[in-house]
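Okay, structure first, notes after.
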Amino acid sequence: MSHFQRVLLTGAAGSVGTALRQSGTRLGTIVRLSDRKPCENVASHEEDFPLELADFDAVSEAVKGCDAIVHLGGQPLEGAWKTILDSNISGGYHIYEAARRHGVKRIVYASSVHAIGYYERTETIDGSVPTRPDSLYGVSKTFVENLGRYYFDKFGIETVSLRIGSCFPEPTDRRHLITWLSYRDCRQLVEKSLSAPRVGFMVAYGMSNNSQAFWDNRTAAVLGYKPQDSADDYADKVFAKTEQGDPNDPAVRYQGGSFTAAGHFEDE
Amino acid sequence: MSHFQRVLLTGAAGSVGTALRQSGTRLGTIVRLSDRKPCENVASHEEDFPLELADFDAVSEAVKGCDAIVHLGGQPLEGAWKTILDSNISGGYHIYEAARRHGVKRIVYASSVHAIGYYERTETIDGSVPTRPDSLYGVSKTFVENLGRYYFDKFGIETVSLRIGSCFPEPTDRRHLITWLSYRDCRQLVEKSLSAPRVGFMVAYGMSNNSQAFWDNRTAAVLGYKPQDSADDYADKVFAKTEQGDPNDPAVRYQGGSFTAAGHFEDE
Amino acid sequence: MSHFQRVLLTGAAGSVGTALRQSGTRLGTIVRLSDRKPCENVASHEEDFPLELADFDAVSEAVKGCDAIVHLGGQPLEGAWKTILDSNISGGYHIYEAARRHGVKRIVYASSVHAIGYYERTETIDGSVPTRPDSLYGVSKTFVENLGRYYFDKFGIETVSLRIGSCFPEPTDRRHLITWLSYRDCRQLVEKSLSAPRVGFMVAYGMSNNSQAFWDNRTAAVLGYKPQDSADDYADKVFAKTEQGDPNDPAVRYQGGSFTAAGHFEDE
Amino acid sequence: MSHFQRVLLTGAAGSVGTALRQSGTRLGTIVRLSDRKPCENVASHEEDFPLELADFDAVSEAVKGCDAIVHLGGQPLEGAWKTILDSNISGGYHIYEAARRHGVKRIVYASSVHAIGYYERTETIDGSVPTRPDSLYGVSKTFVENLGRYYFDKFGIETVSLRIGSCFPEPTDRRHLITWLSYRDCRQLVEKSLSAPRVGFMVAYGMSNNSQAFWDNRTAAVLGYKPQDSADDYADKVFAKTEQGDPNDPAVRYQGGSFTAAGHFEDE
Amino acid sequence: MSHFQRVLLTGAAGSVGTALRQSGTRLGTIVRLSDRKPCENVASHEEDFPLELADFDAVSEAVKGCDAIVHLGGQPLEGAWKTILDSNISGGYHIYEAARRHGVKRIVYASSVHAIGYYERTETIDGSVPTRPDSLYGVSKTFVENLGRYYFDKFGIETVSLRIGSCFPEPTDRRHLITWLSYRDCRQLVEKSLSAPRVGFMVAYGMSNNSQAFWDNRTAAVLGYKPQDSADDYADKVFAKTEQGDPNDPAVRYQGGSFTAAGHFEDE
Amino acid sequence: MSHFQRVLLTGAAGSVGTALRQSGTRLGTIVRLSDRKPCENVASHEEDFPLELADFDAVSEAVKGCDAIVHLGGQPLEGAWKTILDSNISGGYHIYEAARRHGVKRIVYASSVHAIGYYERTETIDGSVPTRPDSLYGVSKTFVENLGRYYFDKFGIETVSLRIGSCFPEPTDRRHLITWLSYRDCRQLVEKSLSAPRVGFMVAYGMSNNSQAFWDNRTAAVLGYKPQDSADDYADKVFAKTEQGDPNDPAVRYQGGSFTAAGHFEDE
């Protein structure tokens, strides 16, 4: 369904990247994979470009010839500042700057709930609220969102920034009943982000059709996203296996969960 | 379901008017039809009153004895100023002023997406945003909406202004996947607009249950509207037959589609 | 599903209270019942504590040992000031103050549409709009909501205030098609209010899955509420049995229905 | 400037009441004073009606013959529940109900910052935010505001609810630099509340022209209020005499100041 | 201060037009005057072009050679539909369409409080609220505002729409204390509308520095408007000469004043 | 007026830093200066700590012993990515992380109009709108703002982020008439940011009392900021010396001025 000829998929060897590869040519006629390590089982419509995001020349080489990018790569959770800086901040800049130089038209960015993790669970927020990151990782996500905003406003490169909740095989704790995004729905969300006629710069939330929700995901409607899975189907199982949390525990109080309760990475 | 005795349906010979006639007595015990030309196959609960909207006396005669009006009549797309002025602006005034003189209680008005056509497709809007017409046709729609607001505030005549997207047998281009309103859903929307206990002055959007959406249609909930069709069912077909547009083309960028890309009628 | 050991249910002998008792241990391991008169058919997981809400010591005794309260008790419709004052205002204070003294963690309060009854039916409101009570009864509901807000802000006692529309066996007038809450959905709403990991102080609306709606119930999503019944199923029946109202009648114009049309209790 | 013939001023013997008496006939042609104790120095345009607010018949007698009320009376700070209940809650009801029975047209009510005391000082709020009382006293203020809303919506009695900050001879602590209302400005605010052609039900904040502010007082503009004093003139003096507070102390963090830091009255 | 070479001033012979002529070359190097009748005392920087707004050719001729327009012309208060239609609706279209054909860059339009006259006086509104006209005259004002919005969105012609309150030599009734715009401030507002570097399409309110206000005029700040006069200086005089109105009289209740109380022109 | 014992002032040798040094002990009892080069004329209440912001150990050493920081340092306009990364991004992190380790209580950060430079000049924005940076420099400002938000939410370190417009000796172009912040007002704004009892995390705009404005600076009121200078006093001079810009030039259209019109630094 994608109209893009060649799409670069960064972070292709991770769990979400692997799940997205199942979208096949719905991502693009050719899907160029990249990760720190080579990808396995490279299909005929795929090509593999292992690289370090901190290396601008390598990123530039991988971006060349692509007309869209799905950017999942980088440090996927809290880490040391040096790691965040190199992989997520410099890495993010390298992706956007290479995109500008090589005429990429659209970027789908895997942002995160941790960009807004300090909102209370009782608050319903949409994509336009001020960011409230819950970690250096979350701060790096807001950095790339601002970069996307800038490259759209000045250079016209479109971005869908997907603030992904919890993208796992299935919900395993009670917060996941709110934030879970199934792999299938994640694929749909990325495919729709690529096929929507115009996205400009847009922020949408990545969650399945969960009854319990603190996100007003109207921007996902612009994309035509219609989730097919629901964390509700796992509620009994999760309730049976887990204890009720203390509502005053930051991990229970805030949308970001345990990231808000944790201390600083450097101290841990 | 309507509680009205006699409902005037203007534009009854057009495609939407013809579709609405299938609602039969759900519009009113008697449905008075009017258009520039006589209507065909007039049923036993119908009566035909051909007229020119620019002729106040004819309009007044047709309105007399009715307690509600479904006003579809007038120039249905961009046209010369003289046409817009006579059919839509004067025509709209004639309808409201005749309604006031003859004690009509409620008017359902076929407004249009073109009243707000210059909003970006990435913006989610509701019925309370400032209007941004994309054509003289669209300006005439905002004129009648203001007229409806005025006649309610001063004289208590209720209006539902339905900003109809694309009311056709089926979606045929990619923008229709967002804006399509099936004839069946159109009928329901008009019927609910007539049967809701109180509508005051209200603006609602006319769209089917399409996953892709840029309208927050909460006012339709006041009416109890529950669409049964969806453009989603046509997505594969439409994608197969049409090319992806350039996201910077006004026709792709704005909600009004090609009306925003077109030059001025007089120049064409 | 509740994680509470002992839950006090006030107003347990009323129709809604009786319906809620069917939730059994989903409310709490032990459900302590209270009403002015003894409850019937007390089950093994239940214990009965008849009391007057105006009697602080009795309330305090009943609250002791409970970790949550579902507070339905009090005058359930407009009444003389003395009744409202004793049962709803003093009664509400007694519940909260006893809760504070005995370490209760969460209160689910049966507030009412009559706390916001003077909003027009054409207005879509959420839980954060200024209250507009339509009766002394409605004023008493706003009083307890403010009490809940205060006890949360100062003492950390969580409250879900459920503004219940029309909780009856089935819809019997046209306004009920908008405001009806089935007993089954009422049970679910209360159960979810008890089992949600954190609720802080929250206002949600109590309505089933009715197409016709004037409430933006996004806060109910925080609870995971997913109504299973709909007044739509009764629409034909209700339309057949009832007359269309005058849209300028306060009972039709405002969300509170006949409470807004009625004069003052003392004068009636 | 007032167009009212006889205005009842409750709480007339208190400090604010005494200050307001200086407005003389700008309040009304005749000013009827009431307080628990007789007022001193009753002028020729004044008449004295000592009473207990908890006594409905006495209140009714005092209200009879008045066409407007300035209601300052009641417990002016946190107190025991019984006191709050009798003086502020029952007292407030007695004032409004007597007003209804005797045809009073407008009430100016001395509400308080403590009705919204739990907003953070860093939040700028206007009169339409949900109330967040910081004390039982504050809850009683929200009660009377809701009563005023109700009596306006149902009976057309107009109310200006003035949420007064700190009405003292001069600012003496750092929070007063934000919330101070001079007696002179208080007089103007009450006078304007009486002389404005229409007030409906309105909430405005009572503060002088202080540069430091957390209130968006646009509703005061509807009244034409133009403060002449400013806490700024006392800033150096106050800074010299007082210590900087800890920004995490509730008394410094919240708009309500020390009321939010204090425990419960009954426990003190 | 204007950077425009030739500015057309319509309605130049009226009272506001005459007042604006005192701005001299601050409007433009050459000021072309037009009205139904010839203007008097034509200065050396002025040129006179009498015309009927209903005559497109005449309007087009007058617009030719101008790079900006200050459009005051047309029916200045409620009138028969035919008059409103010809002078304000067709006249407005003629101005904009001629502007488009002759390359005019900016239009300053004299809109009116009557475009939003049905807001309550107790509501504070800004320039983005939905219009609520109080007369056919007011409806025609909203029509031209929509036309301005359209011609900016499609053709880039900038518009400042000034919703003028009461532009008279001095306030003479109590509503004027809110809505008065002095001639001096009116001149400043128009001059700033012409000299501001960019205005796009903007709506601002035309009022002097009156303490009593129901408009949030932040858009005027974009223009740099800083009123020098105030209705406050006339308050005592006006209060002395006029009676207090009934707050339930539409003329007192709504922002549009007597226009909301009046019946329909055709009936008067 | 500051209650801080030792305040670190970074960027102390720049023009704004030099202007701020005139605040003397109103910043803190001791003012520790830092810049890349030594500062001149070090006063008795000052101490000089030259350093590179990219050097964490140096920053940490300078922060040690301070209880507040005024952070002006870093690249002050668009620059190469490497410079922005080292000075502004890593530099910003070093300041906050050192603050956390050494118990600093409050940071006043010199953010910039360029964090929101892509808003249209016709839009009035406050401090809560989504950021829209106009340059890599602007993106780095949004990065530090997010860092400040995070360090407050997790560690309680307060931040005032001042989005400074144009802080120069006097306005020299027409955009400065909107954005100018005099040195005197800049000093006051920083002093108030240090002396306000509680600031939490707050964004305020840095502008003098200019009539022409596109910022709703209500958060500055929380600080008690009361500007004493105005660009208005320079308007005639600036208008005389400069040409009117084209309203469609990005430098005229957007709040960020020439930053939005400029290409990318790397290409220049």
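Letters A, B, C, D, E and F name the chains as they come in the text, with residue numbers starting at 1 for each one.
Everything below uses one rule, namely that a contact is a pair of C-beta atoms (placed from the backbone, for glycine too) under 8 Å apart; a residue touches a chain by one contact, two chains touch by 3 or more.
Protein names from UniProt, one per chain: A, B, C, D, E, F = NAD(P)-dependent oxidoreductase.
Since we're looking at a predicted model, the values are computed, not measured.
Counting hops only between chains that touch, subunit A reaches subunit C in a minimum of 1. Contact with subunit B and subunit D alike is made by C, E.
Interface comparison, B-C versus A-F: the higher number of contacting C-beta pairs is recorded for A-F. Inter-chain centre distance (subunit B to subunit F, centres taken as mean C-alpha positions): 52 Å. Work out the mean CA point of subunit D and of subunit F, and you get 40 Å between them.
A separation of 32 Å divides the Cα centre of subunit B from that of subunit E. Subunit D has no residue in contact with two or more other chains. Taken as a contact graph, the chains fit none of the simple arrangements: neither line, ring, star nor complete graph. Touching pairs of chains, sorted by label, consist of A-B, A-C, A-F, B-C, B-E, C-D, D-E, D-F, E-F.
Put simply, subunit E touches subunit F in their complex at residues 1, 3, 105, 156, 158, 195-202, 218-219, 221-226.
Residues 81, 85, 89-90, 93, 97, 100, 118, 128, 130-136, 138-139, 142-143, 146-147, 149-150, 153-155, 260, 264, 266 of subunit B are the ones that touch subunit E when the two sit in their complex.
For subunit F in complex with subunit E, the touching residues are 120-122, 124, 174-175, 177-178, 210-214, 216, 232, 235, 239, 243-245, 247-248, 252-253.
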